[in-house]
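Here it is, the structure in full.
Going by the order they are written in, the chains are A, B and C; count residues from 1 in each one.
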Amino acid sequence: MLLFIEQILNGLQLGITLFLMSAGLTLIFGIMRIINLAHGSFYMIGAYVAATVASYSGSFLLGLLAALPAAALTGMLVEMIVFRKLYQRDHLDQVLATFGLILFFNELTRIIWGRQPLFMDVPSWLSGTVELIPGAPYPAYRLAIIVVGIIVALSLYLLFTRTRLGMQIRAGAANREMIAALGVNIKLLNTLVFGLGTLLAGLAGVMAGPILAVEAGMGESILIMTFVVIVIGGIGSIRGAMIAALLVGLVDTLGRFLLPELLRLFLPAATADGAGISLASMSVYILMAAILIWRPRGLFPVQG
Amino acid sequence: MTDVLLQAKSLCKTFGAVQATNKVSLELRKGEIHALIGPNGAGKTTLIKQLSGEILADSGEIWFRGKNIASLPMHHRALLGIGRSFQITSVFDDLSVRENIALAVQAHQGHSFRFWKSVDDDKHLQHATSQALSQCGLEERAAEVASSLSHGEKRQLDVGMALAGNPDLLLLDEPMAGMGPGGTMKMTELIQGLKNQASILLIEHDMQAVFALADRITVLVYGEVLVTGTPDEIRNHPEVQSAYLGDRNPDAAA
Amino acid sequence: MAGLKSRSGILLLLAALFFVLLPPVSSMLGEEYLISFFSRILIYALAAVSLDLILGYGGMVSLGHAAFFGMGAYGVGFLAFHYQESTPFLFGIGGTTNALFSWPFAMFFSAILAAIIGALSLRTSGVYFIMITLAFAQMLYYLFISLEAYGGDDGLSLWSRNTLGPLDLSDDTVFYYVCMAALCAFLFLSWRLVHSRFGQVIRGIKENELRMQTLGYATWRYQLVCFIIAGAGAGLAGALMANQSEFVSPGLMHWTHSGEILVMVLLGGMGTLFGPVLGATVFLLMEDILAAYTEHWMVFLGPFLIIIVLFARRGLYGLIVKGEKDGD
């Protein structure tokens, strides 16, 4: 039972990471209608910068503070140099160009940091455990990720519903020409939105750093799951991203934990384990397929 | 009693907070040209979309040839004999005029899961295509790429494609949009020439053309049918005059 | 088809001459390894042409095409494995290394997969479609990694190449010509397909799907069939690849592999059938030559790709044969 709770929390934590990634991506797609395969690269940049600065300075926080602007600024730079020319193009062109970006960033990372993965330590002030439920200690760091995610979700909510910038972004999603006509600087808005999206990705990367290995190509594995989340949640919807992210995080984590156990009830142990692992690795995609059959545009599609 | 080809009963369609179509009932008789007029935003194109199947109505029935087609997908309705042209020209820009018409013809020549024979050598297809080309008056331009056509010729092609399948019912959405007097005349003649072949539901802003062509007119305002009647009845109807003809929109083309 | 005097005709002739003469010339020059290298190019050309069918003609941007390539390879791999281990494969039937059975099986395997993935993915369009094809392909990648019985991440080795009737495929030259024959056959069939009624429908759907439906076409069905045909083609390429390297691994299905095939199609010229052959050749040659200079050559490929997308969209075939009608 305690193990089960721990797995649920892990699922939530994965879900939060996915939420940070997909919120940024769905924002970029929803507002700018641009599909960005290279979103994972900013996750990677966040992780690498944080890992490097943290190991030199000994401070996780410094790493975080360095990584966020790094991811955001790189994002805005890329937006100005590459994406501005892609807005008018069709999806295929965007896919190909952003694929080129992935190749570039991955290799650049290997050039600068080499092929060996970097390791990031959990900050000492978060290295303990917390007993949320008596008798069930849970790593404080993972709990912190969940907390950060909730804070970010709330901040985004406030940003979009209470601030002028948020209004402009939402209006821009609904009708680009109109807000340009109203005098809003579309170019600047696009760059800022892009920067916000990549900042979120960078944040996800920093937080994932101590848990996973920091290496070139780490962006792509999370990216695929991010796509699954967005497809399930509905492109352009932050609320969809939140719900879908938690759903995917839970299904993936619980699937890996439960499926082998479940199959042992019917099959011999060795087969059950093998089949269980195979099924578990496919579980989120099966979930995606099932939801698509029911709702081809995701759970909360945004109109337009 | 003249034959009724199409009967829409109480169609309703809502988009979010907007009731685009509110209990619209409409009847189209065999062989007639029935015009659908109304101010911009009245929901004329939305209605056409529901009749052709591009949008599914929220409620109501559409009876065509004795069947309720309201839940049938678009391609199915097309094969039953409903053709449609578009308000904003919708053709195959990178294909030649001939290829455009050929695709329209091909749809009615059985399934297209034929992988071997070249379309150019397909006599059955090309023969019918040539006929359809002359019907819409574009034989001279057959080899041209559609994107190189003038605006008027493109509108002609758009209508020509709807015709090529020999439909019983033609839904024409502002065929004269953006055309000058010459083009308008040509299109009017084309439509008039179709009287014996198909029944036509025509959306148009060009009032001259409407009154010249229509056997009956339905006026749509804010998603509701205001009145249906002969051109004379409509011309003299006080509510129509104030709602539409009275404050005549100088910008006739959409 | 444009006559031999046209640019595309000349290009085709030159290419044909080049590929036909490659083995004897390489042997003469003592550079036998080229035969094997160009076999690989022919195989990827086949995969790229199959992708062009759905991408260049059908307008379907699939980022999961490598899955079908990989499935074809594993089709051959499974059969070879069970033959090698003398264990039954499916329904009590044993394995085989006979190409006459393995290769159609591989194509069938890929086709079935394409039918399933296509049926699910084609319910959507645009960005959703792209992401979903990507997701399904990755799903298969993870699935095959988890299949410990068949090598998992380490892959599966074949003891030898398949047997194809009287032909000895272990002879690199013979194998090369078999690959070339497969490519030519698929090119020919694709060419007929593209000019047929079916081909016109697919092209129409790419241009204007709404109009096609208005005209009376059940567009989804045609797209699915096209998708399946392309999947079978990629499956054949995969089967050949399994033979070429005598090794299969899940990496064949990784989405970045799909990306590479996509680049080949773009580089060569989408919607031209022959362009992808050119693209595969140039891409793999470039990879080989650049890799000799620096192990980080990929850092140039990225920006190069971006530049092509932005400025040379028509690809090499388009640049060479500029102004001629598409689809020849």
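Operating definition for what follows: contacts are C-beta pairs under 8 Å (C-beta built on N, C-alpha and C of every residue); 3 or more make two chains touch, one makes a residue touch a chain.
This structure is a prediction, so every number in the text was calculated from the model and none was measured.
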Centroid comparison with chain C (C-alpha atoms), farthest chain: B
Chain with minimal offset from the mean of all protein Cα atoms: C
Inter-centroid spacing, chain B versus chain A (mean Cα positions, whole Å): 47
Chain centre separation in whole Å, for chain C relative to chain A (CA means): 32
Centroid distance [mean C-alpha coordinates] between chain C and chain B, Å: 43
Touching residues on chain A, where the partner in the complex is chain C: 29, 35, 82, 85, 89, 91-93, 95-97, 99-108, 110-111, 220, 224, 227-228, 230-231, 235, 274, 277-278, 281-282, 285, 288-289, 292-293, 296-298
Chain B contact footprint on chain C (complex, rising order): 192-193, 195-201, 203-204, 207-208, 210-219, 222, 225, 326
Residue ranges of chain B touching chain C (in the complex, touch as defined): 52, 54, 73-76, 78-79, 84, 86, 90-95, 99, 102-104, 106-108, 112-120, 122, 125, 161-162, 165
Residues of chain C that touch chain A when the two form their complex: 55, 61, 63, 120, 123-124, 126-128, 130-132, 134-136, 138-139, 142-143, 145-149, 255-256, 259, 262-263, 266, 296, 298-299, 301-306, 308-310, 313
